[in-house]
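These are the structures in question, set out in turn.
The two complexes that follow have subunit A in common; it is paired with subunit B in the first and with subunit C in the second.
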Partner chain A sequence: MELVKRTYYWWNKWTGYSLLILLLVATPLLTIFFKIFDSPGDSWKHISETLLWGYFQNTVFILIGVAFFTFLLGVSTAWLVSNYEFPGRKYFEWLLILPLSFPGYIMAYTYVGLLSYTGPIQSFLRNNFDITFKGPLIDLMNLPGTIFILSVTLFPYVFLISRTSFLQQSKSLQEASFLLGSNRFQTFFKVALPMARPAIVGGIALASMEVLNDYGTVKYFGVNTFTTGIFRSWFSLGDSTTAIYLAAILMIFVFTILYLESWQRGNRQYASLKGTHKPTVRLEPTKPKQFLYTSICLVIFLVSFLIPFFQILHWVSMTYQKVINQDFFLLIYRSFTLAAITGVVIVILSVILLYTLRLSPFKWIKNITKISTLGYAIPGAVIAVGIMIPFLAFDKWVYNTFLTAKTAGLFLSGTLFALVFAYVVRFMAVGYNPVESGFQKIGIHVNEASRLLGSRSTKTLFKIDLPLIKNSLVSGVLLVFVDVLKELPLTLILRPFNYQTLATKTFDMATNEMIAESSNAALIIILTGIIPIILLNRLINKKIG
Partner chain B sequence: MLKALIQSTFVALAGAFLIACGSANQEEVVNVYTHRHYEADQQLFDMFTEATGIKVNVVSASADELIQKLELEGPNSPADVLITVDAGRLYRAQTKDLLQAVSSDVLNSNIPAKFREPAGNWFGLTYRARILAYSVDRVSPEELSSYEALTEENWKGRVLTRSSENIYNQSLLASVIAHKGSEGAAEWASGLLANMARVPKGSDRDQVKAVASGEGDVAIVNTYYIGIMLNDANEEERKAAEKVGIFFPNQDDRGTHINISGAGVTKYAPNKDNAIKLLEFLSSKDAQEFLANINFEYPVNPAAAFSEQLLKWGTFKADDINLSVLGENNSEAVVIFDKVGWK
Partner chain C sequence: MSILSLTHVNKKYSQAKDFAVNDVSFEVAEGEILALVGESGSGKTTLLRLIAGLEHPDDGVISLSGQVIVEGKKSVPAHERKVGMVFQDYALFPHLTILENIKFGLDKKLPNKDEVAEETLRLVGLKEDFSKYPHQLSGGQQQRVALARAIAPNPKILLMDEPFSNLDTVLKDQVREEIRQIIKKTGITAIFVTHDTRDALSTADRIAILHKGYLQQIDIPKNLYEHPVNAYVANFFGKLNVMMATPTKDGFYTSFGFISDPEASKYHEQVRITFRPEHGEVVQREGQQLIGRIAKASYFGDHQIVKIADSEGKRVSIRTNPGRSFDGQDRAHFFLWKYCIEEAF
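Up next is the complex of A and B:
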């Protein structure tokens, strides 16, 4: 019961900071929204008549295909490792997440090289058994190939989420199902799967966002989608308005997926009720069945990680002497600092936003803060276009207003600032979520106690809140770090003078038909990507026990 | 303290970007936008810096992206030099008014007139030939004669080349338009398409591998790719390249189609003098020999010696058409490709 009627003022310095951050993060979307009303560019007619339908078909086809295969691979393996005991199960729990460390484009180069005429498989068969093939073993440079590559790199999203969901499900419900006469198979389809549905669809939605973001794979395979269309109309045809139109259509896809995802979830929560959660009892199937389950997981692991990983190691062993030099270390240094700066900036901004939320009782502040995490759903090419346009306009304005003498260089566009800004927009959610859960875990009371004892909000933040959520802050920086390292389309458009990252170098070398050489930079990206995956897995296991 | 943290972040960011811009004012620099991704280029730039003290800043991206960037940046562009492969692209930059005509006695004496844009908007630095790579097992060189002959009946299902989206093929067709007219060019394109072993796809190297693996018997590719493959770290790549022979087509009439990698000074170059110095250096005998030795391209400077690999391939008669024509005919070539259905 409240004894005193409290009056809150919504405005304070924290809401001020937060609104500013939100405005900046929303820049690219606002740009696109306002630019849609410009009259179409010269090439819009050409693109809409000849190419648009193809972009649409390919994008939809890839989305459906990847959704299907990530579901198949992710859910089946998750069900096996969470419900059965079989040799290697403990290892597959984390081995099957490793493919996430492969960016799609690197997986694409690797598989094409692996299956090509001069690749190890064909060479081996040719040199030892005189077996020859006409062309590549399997031709991947087409739509099904794109679906294959994206599915094997993205299924761990579905695997991770559905595994967590299967483990959290109340065992009593499953037991009830058995008692009522259902077998494991029926239980899976009638009980476990429907209960895990919201989580699984969430995982597939995440994978779909990555599909819409992909540029490297579809570009390499010559499959035209909206992303390649944005690059083509912006760079080949020199028509930024058409690029904006395409970006807007792409955003319709994004919002449709987001809407469908939240619609299917509704208000339903299928988590087990408190107290009914029992530790998982895994069934021990018959030996042949155990063998089958191990084989299924093993084959998926080999195809999605180990084989391409060894191909990369093989290429590195052939080319490292040529590639690894001072410039290569400079490349690593630059990529790492860029990723680290972005990680730190994002975590600082997340803390400001979430601390505002923590201090404010207003629901609308909570709702608009969510805007800041929207960037993860926006494809990199769209963000890049949405940032380039206002930045260039700003530069032009500065030049025309303040400067008379000609100076080389631009103010915002083409600088590290533009690039980091774009990364922040794109990866805000990646750093925001761990910070948010950190704040939630420690609760508000410690903060209130400090305030009651007379500390000001800033002092409380630094003395009480931040030290308590140190681990969340570190994992936020780390997760952003890895995502920045992998990022390609946005970096390609916005990177400044003299600036190559590991990702753009890999892409450049691969498009210049030097795939073996490109694998050195690729290896660094993959190895760095493995670290947080292992940490992430530890976190899940700790949570579930 | 939070305020201080935010402030210091902004200061750090501002600092980073001031360094990025500020360095331009203190020392002599030349800013290069390049589409040429040769590893050797960086060594050449280093040699240039050593010789002149002028620092070379490089942005590398695809030619389309660079041209777009130049357009967007307009008079504010920091770029001084645009380097790209294929005359068609240099021509595109020129027609978009992104380059300026420069005159330099050194450039004029280093580079023969046919490799220069007449007004001096751009200059060829190396050239390459688009040749026929044939299977040494299944084709004898006597069967080959010209690009046109590949449309004959006996080559059905045996010809390989990449997609028409690639500018090398666009420029080849542009040269055919110049010599045979639009109708003749369309006839050639559809005749060649009818003889293809597979749907056009993949890179030039992929075409060579397809000949080696028996998917087709003759491929239209650029010379230097074969040089690169012959010297690849992967033994299998070398073996594949050894399975093809090189044939220079059209020796009895107009000569083999060639193209250039080249450079031009940008219209608003803030360091124009340094830009010209860089071009002069890149066309000098030493730089040309250095590049030709590493990259298997032909030096434009007649004083520069051919590399061992180039000598092995022998001399040939090149199509003498002015390279600007390739750019002028480019859009028509693209339309013809679309019309005949060359993917």
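Up next is the complex of A and C:
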């Protein structure tokens, strides 16, 4: 028989690209893993003896507090809007997601400003009723304050995910519960909540990752956690090994949460059981109850978004003439470019990873893609340290080998390349998920049909797959764009010297007692953050409706 | 001459416990229409995807028109195989017009691509405006486009995955015949997968029966129906009665009585006698016939099924004409004019 060209079916250029991406994305974690075996730095003894226990206590306390309050706020509002009809319900469905557009650190400055001596509440009371307070109305610059700020900005994760879960629960299951004699309240605790548990815990885990990532809020409030510890050892003490040690401990928290989350989820897939996925017909409660439900949602919305948002608008109206100048536009231009480039890079890499999996659906390739998107769980400070160390070493090597003192410069560390690289590691999952669902939606058959008609995999990708998932690609870029714009800790460590983004500028101004001025940049971050939230909500409604 | 041959092909999915395709070997002759028939999970679709190059076997050799396309871990990629495929969901490119869909697979160097595409569309009987998009067509029309797209590049073999499953019963009979004619007109070799035996019997030249990844039997429809190699294959094409029998030198003793048959002398152990309901006949007279108690008579309009039980309550079904009445009758005599003998072990 004639021999024809044959190749190993499991090897093609796509699997090669994917391995390469994995290697790059895993750099920061590998760095931390290998560096942990170095002997401890000078300040480790000092930190471990005096500060470590405090870091630990604060971190755990904040985690538990935020988990509790995000659960309370998120699940209760989700249950109300998915099961009852009351005035404004339709609007609260998406209004209650808006707090996500507030980065924690901006919420923190805003509330401190709101409650301060010169803030609107105290001024109003003083001017109209002659009531004066010493210092702020409520002191937020402490642990409970941190928990409050992080909870009001992060509860939408739990709200969103439990609402989706409640809406997807089979109508007949709830009806069965009613027929068996349970009222709505009992049904909630005995049927709906246990069924939604895997999803709800998933939402809380997501919020917990954000808590561990947070630097701006805790730094501003003067609460010491592992993140602030990493910054302190890196910037103030110049001790990279100690930073690595702290990063490693922080990663133990991350992996514990990830493990607990996947353990509790097990193999359960309650929500996708067969049955009508139409939501239960919403009950119309009595007028007083309707009033109560509207009030609950309204108060939560006012506190978590509208009041701080108006405070920011007020500050902007006071200061915009001073702040908005050429430099400010340069700042916007820079931040937007950085965010857009990151978005495009992430979507391209996601397409490569997912296309490899599409062509060769092997288990090991699935694992590669899974690991490549793990960055969302790694706190920004950890990624920054894990990238800075190999990059500094590389620059040092280049400097020693090729250059004289005159031509010396930075090649990788302290460049925009390092910053984009870190963003890619951290936000891979954000762009990956929409691309993945895009591919899932169009199915594999169109791709197979094209290849059977003689088009190579690359041609198929450009002629069939990509045109069909255009919208997913755009939303992938957009979602990454917004996250990059908000990002603070990574940017602070890795940005080139004196390079400012909207986020770092807001942070710098606010920490330098220029809260009102900082709100101009903050407003742009918040407004851009609102766009994808509205898109996201539409997507969820379409999927379920 | 065989155009496709599979030799000891094995395939196991990584999560699965059992093989999806288990040591399957067969050949397909040029111009032949072969139906792969089996229940869901029998491995029929996997087999089709192995031939297409969309999956890779763990083991075995596949060759297509004289070329080895799969051998061990090496294989010719799907886009170089020149295999046409019609997917169950048609997989038409939604962002391309009908004409563009057809032209997609045509050789770039072909000078008169539009003509070839239009000609193929006319061949499959599509009279719609070719600048329409797939979603503007009905299901039946989409299927014609899918067929045209697969055969336009003149593939070495045409594969069809459940081609009739999305059509309603009325349309199905018509489409089956049309597709058979189109395939025969082009002279292309075709393999199609189906779970419906009527599709296979009416459309295919030969039928391969798969069960749990094993190839049970591959033969022309008549032989499969009349000489099934085992009970699984036999059951696949309708109800099959089974009764145990003890051979003597001039016949078989069964629980319903004696069947005289000189063949019986060839057997020494207990045998299984299998027959289809239409291969038995209920008669009025007594004599050299089998006898049993009438357990149930069910009326089906164009025929009647009588269930006859032996002394232990075991039942066989016999088909009779619908006009026959069994009212007030307790016992029935019947004989078999066609049956199979299998050694029972």
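Assume the second predicted complex is superposed on the first by the 524 of 545 C-alpha atoms of A that agree within 3 Å, B and C clash if a C-alpha of one lies under 4 Å from a C-alpha of the other, contacts with A are read in each partner's own complex, and residues count from 1 in each chain.
The rule is short, and it goes like this: a residue touches a chain if its C-beta (ideal position, glycine included) is under 8 Å from a C-beta of that chain, and two chains touch if they have at least 3 such contacts.
All values reported here derive from a predicted model rather than from experimental measurement.
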Task = Applying the touch criterion given at the start, work out whether A:R282 contacts subunit B, subunit C, both or neither, answering first, second, both or neither.
result = neither
Message = Applying the document's definition of touch, where does A:R538 land relative to subunit B and subunit C: first, second, both, or neither?
response = neither
Inquiry  = Looking at A:T458 after the superposition, I want to know if it touches subunit B, subunit C, both of them or none. Which is it: first, second, both, neither?
reply    = first
Message = In the superposed model, which partner reaches more residues of subunit A, subunit B or subunit C?
response = B
Request  = Figure out whether A:A449 sits in contact with subunit B (first) or subunit C (second), or with both, or with neither.
outcome  = second
Key: Touched partner set for A:K441, first subunit B, second subunit C, both or neither   = neither
Inquiry  = Let me check the overlay on chain A: which residues of subunit A are in contact with subunit B and also with subunit C?
reply    = none
Ask   = So in the complex, which bits of subunit A are touching subunit B?
value = 17, 116-119, 122-123, 132-135, 141, 222, 234-236, 238, 240, 318-319, 322, 327, 341, 344-345, 348, 352, 388, 392, 395-396, 399, 406-411, 413-417, 420, 458-459, 461-462, 492-493, 496-500, 508-509, 512-513, 516
Query = Can you name the residues of subunit B that touch subunit A in the complex?
reply = 1-3, 5-6, 9, 12-14, 16-17, 20-21, 24-25, 29, 31, 37, 42, 57-62, 64-65, 67-69, 71-76, 78, 96, 163, 165, 198, 201-206, 209-210, 212-215, 225, 228, 232-234, 236-237, 239-240, 270-271
Parts of subunit A lying in touch with subunit C, wherever the complex brings them together = 1-10, 362-363, 443, 445-446, 448-457, 460, 463-464, 467-468
Of all residues in subunit C, those that touch subunit A in their complex = 14, 52-54, 56, 63, 66-69, 71, 73-85, 87, 89, 91-95, 104-105, 107, 149-150, 153
